[in-house]
Amino acid sequence: MKEADGGPIITLTTDFGLQDHYVGVLKGVILGINPRAQLVDISHNVTSFSITEAAFSVAAAYPYFPRGTIHVVIVDPGVGSSRRPVAAHIKDQYFVAPDNGALSLVLEAEPQAEVVEAADRRYFLSEVGHTFHGRDVFAPLAAWLSRGIKLEDLGSHLLDPVKLKFPVPEFLPDGNLAGQIIHIDKFGNLISNIPAPILQEALNKSGKSNYQIYLGGRSITRIVEYYAQGKEGEPCVLFGSTGRLEIAANKAGADKILGIGLGTKFIVNFI
Amino acid sequence: MKEADGGPIITLTTDFGLQDHYVGVLKGVILGINPRAQLVDISHNVTSFSITEAAFSVAAAYPYFPRGTIHVVIVDPGVGSSRRPVAAHIKDQYFVAPDNGALSLVLEAEPQAEVVEAADRRYFLSEVGHTFHGRDVFAPLAAWLSRGIKLEDLGSHLLDPVKLKFPVPEFLPDGNLAGQIIHIDKFGNLISNIPAPILQEALNKSGKSNYQIYLGGRSITRIVEYYAQGKEGEPCVLFGSTGRLEIAANKAGADKILGIGLGTKFIVNFI
Amino acid sequence: MKEADGGPIITLTTDFGLQDHYVGVLKGVILGINPRAQLVDISHNVTSFSITEAAFSVAAAYPYFPRGTIHVVIVDPGVGSSRRPVAAHIKDQYFVAPDNGALSLVLEAEPQAEVVEAADRRYFLSEVGHTFHGRDVFAPLAAWLSRGIKLEDLGSHLLDPVKLKFPVPEFLPDGNLAGQIIHIDKFGNLISNIPAPILQEALNKSGKSNYQIYLGGRSITRIVEYYAQGKEGEPCVLFGSTGRLEIAANKAGADKILGIGLGTKFIVNFI
């Protein structure tokens, strides 16, 4: 890396929280190996042990980072067991994580990913414990990658990285579309698994011109382009910043208004 | 910017929270445009949709940043609507925000501010959506400013940026002063809208030598210089770090002890 | 510092929270004095006024930082009073804090520490208030140290820095060991004050081969190496990432399962 680049970027997505010293330790380890690394937090408030939430966050964030960025994803309830550490090269970016599905959505979006089992202990801390591989394994791996170590140097190719099944939208026999809430954000926006092109395809097939949402025993008919077009405190439907169908509310939390939790299923009814 | 400068500083003040990928995305976008930017978080835990809280935070923080710093302030319930993006040059620092009043307190403190409507889409991301202008508009604007683009290049001068009315202290007919709690901090300190010189002026006019506070049906008489001079767990009054009158409690939260919320009015009674 | 170093590292451990502008202000002050400083947050969510929690966090984190790192620790209920600011040089790293015990665990671990009373106001902000010495005193001190000012230049040697007594494990007359929960982390892991070598020593003395834990009226017998070896949702015992005995639970919070709080005492019973 040239000086003018500002140093290689390493992002962190973990469930370590911001209360303890854990995230600070990751950063100390990385800067000890590569003092020029630029550290960016994606989130450390991933729900404890939620691999799917970490998978969602890193998949939503990485397209906005420059080439060469290294993303470290650590939600690791299996730390110390035989689960493998992996490193991946996907579309000119790099990923380091336990092989537990944390990279599922990234790998799904980019089938030409190159994945290795990062087994070479030269790129770990010299002492590796049983309970904090973020510190002992994943932070060092990322730091060495940022210093120019090649992916292939970390270990041999892995053909079967763990991939979790995320719920996909279903085309129903009656022509409607079934979706699921896969993320609820800080504002209470209910983010679904239905990307805009899938909804458009189903709408075209249906021969109808509009749609409403059946969710939690309620029908939501207000389709808008941006939040402020909704009535204050009432649910509306739009395509959010990840390109997915989202149930929201202007200046309020749709999760609270509707009493809806993660995983709730709903119907897109074409009318 | 010269290398020895460590790179231009860009601060972020938002209501995006630290749970989702949103703040990480802002940083990825900025570093993609200017890899040398140094990113500093002021706060991402601004109460959702609270433009006034963001206005308070950035106004309290910016005087402590070096010249050339660029402050991005994003609390943007009107995202996607016709509200304008603005950029401002104030006392050798820069500000980027939606034109919704988020810069009110900064503009009030510095009437010679130069403000433009940042309308030139060359300095946005190539695709601009309807729901996340932090990513598509404000982060890119800040990054381009940090690369030396001039304020005038972003758009034409704006003479009427939105300014919210913040409550001002009132001199009462009986010679007393009426104030309001405008911020409650993490420690439960109740920060008012009364700056030290205003209180001094009112005290001088009153011909009295001391004062007490009437707040929430209670009178608070213990005037101190620092928290530890208060009795543990009992309310006291002092001038806090923003130079404003503050009701606090030694090693305890004055908000809880007094059961007081944001916006509560009180009287400074000269005695 | 040479350019290739990426700039001197300054870490921050405070109870300022992430809601207000306070942490941003610390960073602005530091970057105003040394634009090349690299800022790393250890934690800002230390429990308000808890000097012992800050002492724990910085002691757990600093061994993972490279030489030359400067650690700022600010939990400062005595701000504005006569308590002294201190700076210390310990094992090629630096520490800046109020002299209230925040460095107790670091000083205990490293008896050859060099400690000064940082009294030279040339290295403070020009105006020093009574309520925010993080901004006016500690951030500037750290920034000046990072620019190469020597520890001795900050003030004269201090032989009696405040050291808080942390609970130590007790060897009981019956051969058992008594410990205490000194930290509960984000996952609900109960971290004790018993380091592995002390337990090993007591086990050897006892002539026994195994142990169980008596905690909160319950005996915990499942001794594991890593979390996933425990049964889901049931308490187990292991040595955690700080090398101390820890009561945990696989994919669950041991604190909630056991209803245990900070400071709880327990017995290690050799069997």
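Brief remarks follow.
For clarity, chains are labelled A, B and C in written order, and residue numbers in each chain start from 1.
Note that a residue touches a chain if its C-beta (ideal position, glycine included) is under 8 Å from a C-beta of that chain, and two chains touch if they have at least 3 such contacts.
Fair warning: this is a prediction, and the values are worked out from it, not measured in the lab.
Rounded to a multiple of 5, the C-alpha superposition of chain A onto chain C involves a rotation of 120 degrees.
Because chain B and chain C share one sequence, their contact can be compared position by position; here under half of the interface residue numbers appear on both sides.
Chain B and chain C, compared by their mean Cα positions, are separated by 31 Å. Shared interface positions of chain A, defined as residues touching 2 or more other chains, are 3, 7, 18. Those residues of chain B whose C-beta lies close enough to touch chain A in the complex are 3, 7, 15-25, 27-29, 31-32, 34-37, 39, 48-49, 77-81, 129-132, 135.
Chain A contributes residues 3-7, 9, 11, 13, 18, 38, 40-46, 56-58, 60-62, 64-66, 69, 183, 185-187, 225-229, 238-241, 246, 250-251, 253 to its touches with chain B in the complex.
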